[in-house]
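First subunit A sits with subunit B, and in the next complex the same chain sits with subunit C.
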Partner chain A sequence: MQAIDHHAWTNRWRDWHPLEKLLPALTLLVLTLALPLLSIGPLVLAATVLATVRGAGVPLQTVLSVLAAPAAFLLAGIPFLAISLSFTAGFSLHFSPDGLLLALETSVRALAAASCLTFLILTTPLTDLVPLLRRVGIPAGIVELILLIYRLIFVFTERALTGRQAQAARLGYSGIQRGVRSAGWLAGALFQRALEQARRLEIGLAARGYCGELRVLTPERPLSWPRLTIVMAFVILIGVMGGLLAGGWR
Partner chain B sequence: MHIAEGFLPPLHAAAWTVVALPFVIAGARRANRLMQDQPQTKLLLAASGAFAFVLSALKLPSVTGSCSHATGAGLGAILFGPSVMALLGTVVLLFQALLLAHGGLTTLGANVFSLAIVGPWVAYGLLRGTQRLHAPLAVSVFLAAMLGDMATYTVTACQLALAFPDPASGIAGSFIKFISVFAPTQLPLAMIEGLLTVVIVNLLRQYSQDELRDLQTFSRWPAVEAPS
Partner chain C sequence: MTAPPLAVRGLEYTYPGGIAALRDLDLTVERGRKLVILGPNGSGKTTLLLHLNGTFRPTRGEVLLDGCPAGYDRHALNQWRRRVGLVLQEPDDQLFAATVGQDVSFGPLNLGLTALETRERVGEALAALRIADLADRATHTLSFGQKKRVAIAGILAMRPEILVLDEPTAGLDPHGVVHLLNALQRLHDAGTTLVFSTHDVELAYAWADQAAIFQDGTVLRQGETTAVLADRELLQRARLRPPLLLELTQLLPGPLLRSREAVLAQLQERLRVNQ
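Coming up: the complex of A and B.
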């Protein structure tokens, strides 16, 4: 989490308007889902990884480690798509070629889609993305709530890690029974601290005249139309190439 | 275990989003109204949401050696009530997609449905139901958290089975395949989560009556002793 957030704040494309990154990422995601997979998938994967590593200057190792999470899910799920279970003659498991194709398609789609998400989260901090939710009609109060949660997550994570370290140093996790009790105490203590924090924030804000709206300065970042056009041209090129490849495939 | 980005076919991803949407909107409406009535509710909700995220990232003591996480759906439903939990759970899942690359944007709807809607409602229903039968609180909490957890995984298996029916035996066969993968790993985990939730609730009941009373805004919480 720390690594992803760190790169989101420090990469070379940090100062771009968030729409210039969100729009291509979402378009590629939709293209991946809509076009025939085996042609568009590898193209999208290559394009997004290249953009993240070459363009935004995020180390390849980080990109791969972020992609490892969905890849692990695939490894767990894919074998079961290729194996077929039938109860017509008793109970039998057998390998199915249809299932293998489905498994291949699903892994390509999932990896390509995950690479779009990876590109987005490694180049754009959450605080840039969340305000865009207002444009799709989510009330200001909820958006503010989401941003507050984002802020508090890091505070609480640090506390949880410290607490866990302290417990582990006192052999709190030696054995399952003790481990469950320690984890329960940790979570309980964390909850108490969380509510305490909320109360302190409330007092602090009330002293500053808080009445339901948090006013913060957001840096102005104008949307650069030329840049957006170039990026989207690339995305369309990828889509066209994918479509042509799929045509040649048949 | 969240369904990874792009794993579901587009039609399924869209359908689950449509199914989950009304619940999330209802939760958001309720939260928004609460926040407008009392501005300080916003901070309470924010602290609760951040806590839910950290809880879901908390490593459980593992039995099988695999790295395992709590779902937090049971505790969330018990503390905040299922309608607010639908909103908080959605925010947590969004953050897990955007901060940890767990789950994804296209599968957000499917994951919200299993983790933030079905899990909490089952847990809440069980808590209420067993309390009405005058079961000891620890037993209700354990059952609520454990079965809420298992409901979540059953729904996930259903979603995967619907998306990938077995070529020979159809959806039923596929469901058996997926549930048999989940069962051996998730059953012990669900029990551990049940125990963990009992420890947490006991601790809170002993030391945090005031805080629990604050949460009464979200849902009537049976563990608070009636003020005498």
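Coming up: the complex of A and C.
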């Protein structure tokens, strides 16, 4: 998670208007899921990985490691779709080619969809996306909550890490039973700390005139229409190519 | 004589649960000065500072603003916090927004300023602390020293008349301390009254106009820094040691010197004469 966040804040496309990244990512996602074509998946996958690595300058290693989690999940699912179980005549297991094709198609599609979101999260920090939420009418309270959680996640992961290290230094994790107990204590301590932190944050915010609303100034980033047009042209091109390739196959 | 902008009279504070934190405490913050509240850790300095911006309400006694007892209703508190800015010791208790610029904009927006004015204030506050380059950085990627400066900028953007800082140098490396003190000095030169707490007697001696010696929930004595810190018996009671610089300059003839460079120069001079 730290790696994702780091790249989101430092990649070459960091300063683009978030819509210039959100719109193509969502369009590709919709194309991948909506078009009944096997060819669109690999195209979208290639395009988004290429854009993330060559365009935004995020290392391929990072992209692959982010995609590894859904990929492993999908891989684990393939056997269940490819092999069918039947109880009609006693009990039999048999391999079905149709099932394999279905498994392959599902996996590629899902992976392509994941790659769209991977592109988005690796190029755009959450704080850029949240103002868009506000614009589409999500209540201010929820938006504030998202931003506050985002900030506090880092405060608490740091505390949790140092707490774990301190426990490990006193052999708190030597042995499974002891490890479980230590982790429980750590969780309890963190919960207490979270409450304390909340109280102190309230004091800190009150000192700056907080009266129930966390308003901040969001930097205005100009939307570049030419850039958005070019990006969307590419997206449409991918959609058309997917269609043509599929036509050639059938 | 005009009333001091901020003063505390006969302050007593007992935490819910019955633990007495402050008792019979007097403190006067004079306009345009640098006041240090000097005392050991855990003596209640933070509790006192939390009274200076109305976060805590005294159990007994009162806080005076321009000589008038402070009010604790919402409107009065808003006015109060507009004048007295409090910077907490732990910057993570104060920084809540995801980026530096956003965080600093919080205070000015609460003052009811427009986006344009706020942007100006943010730029000004970041420039005053020499951290304009951090404006677009994510808060969680900052070092401790940077976070501390951002926390100060967040208060500064509200242009307080009195800036109160809880242990501003705690946790900073020597370079960070110099950097911070320079920034505070610039603010002071621009007319801001400064109040800060510390247990560092050297810092207090080198830097503050006035010192209040704090011990066990009360101020033992407030006065000119050189006079207060030369009172050995007082310091002993407060479990503090006299600053080395003061002890050295007391051994030398002439007026008491406040800067390390001046004391060293005079020492070198003396050594040369003796050879």
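Operating definition for what follows: the second predicted complex is superposed on the first by the 249 of 250 C-alpha atoms of A that agree within 3 Å, B and C clash if a C-alpha of one lies under 4 Å from a C-alpha of the other, contacts with A are read in each partner's own complex, and residues count from 1 in each chain.
Rule of thumb we're sticking to: a contact is a pair of C-beta atoms (placed from the backbone, for glycine too) under 8 Å apart; a residue touches a chain by one contact, two chains touch by 3 or more.
The structure presented is a predicted model; accordingly, all values stated were derived computationally and were not measured.
After superposition on subunit A, the partners subunit B and subunit C are accommodated together without colliding. For the superposed model, the angle subtended at the Cα centre of subunit A by subunit B and subunit C works out to 80 degrees in steps of 10. When both complexes are overlaid on chain A, the residue A:I4 reaches subunit B alone and has no touch with subunit C. When the two complexes are overlaid on their common chain A, residue A:P219 makes contact with subunit C while staying clear of subunit B. Once the two complexes are overlaid on the shared chain, A:V136 sits clear of subunit B and of subunit C alike. Legend: residue contacts after superposition of the two complexes on their common chain; A:Q197 is shown touching both subunit B and subunit C.
In the superposition on chain A, A:A169 contacts neither subunit B nor subunit C. Once the two structures are overlaid, the count of subunit A residues touched is higher for B than for its counterpart among subunit B and subunit C.
Of the two partner chains placed by the overlay, only subunit B lies in contact with A:L81; subunit C stays clear of it. In the superposition on chain A, contact of A:V155 is made with both subunit B and subunit C. After overlaying the two complexes on the shared chain, residue contacts for A:R208 are found with subunit C alone; subunit B is out of touch. Minimum C-alpha separation, subunit B to subunit C, in the superposed model: 10 Å.
The residues of subunit A shared by its contacts with subunit B and with subunit C are 5, 126, 148, 150-151, 155, 197, 201, 205-206, 210-211. Against subunit C, in their complex, subunit A makes its touches with residues 5-6, 9, 125-127, 147-148, 150-151, 154-155, 197, 200-201, 203-211, 214-219.
Of all the residues in subunit B, the ones that touch subunit A in their complex are 1-7, 9-10, 13, 28, 31-32, 35-36, 39-40, 42-51, 53-55, 57-58, 60-61, 63, 75, 79, 87, 91, 94-95, 97-102, 104-106, 160, 164, 166-169, 173-174, 176-178, 181, 192, 195-200, 203-204, 207-208, 211, 214. Subunit A contributes residues 1, 4-5, 29, 32-34, 66-67, 69-70, 73-74, 76-77, 80-81, 83-88, 94, 96, 98-99, 102, 106, 109-114, 116-118, 120-121, 126, 129, 138-139, 141-142, 144-146, 148-153, 155-157, 160, 173, 176, 179-181, 183-192, 194-199, 201-202, 205-206, 210-212 to its touches with subunit B in the complex. Of all the residues in subunit C, the ones that touch subunit A in their complex are 50, 53, 55, 74, 78, 81-82, 85-88, 90, 92-99, 101-103, 105-107, 109-111, 115, 118-119, 122, 136-141, 154-155, 158.
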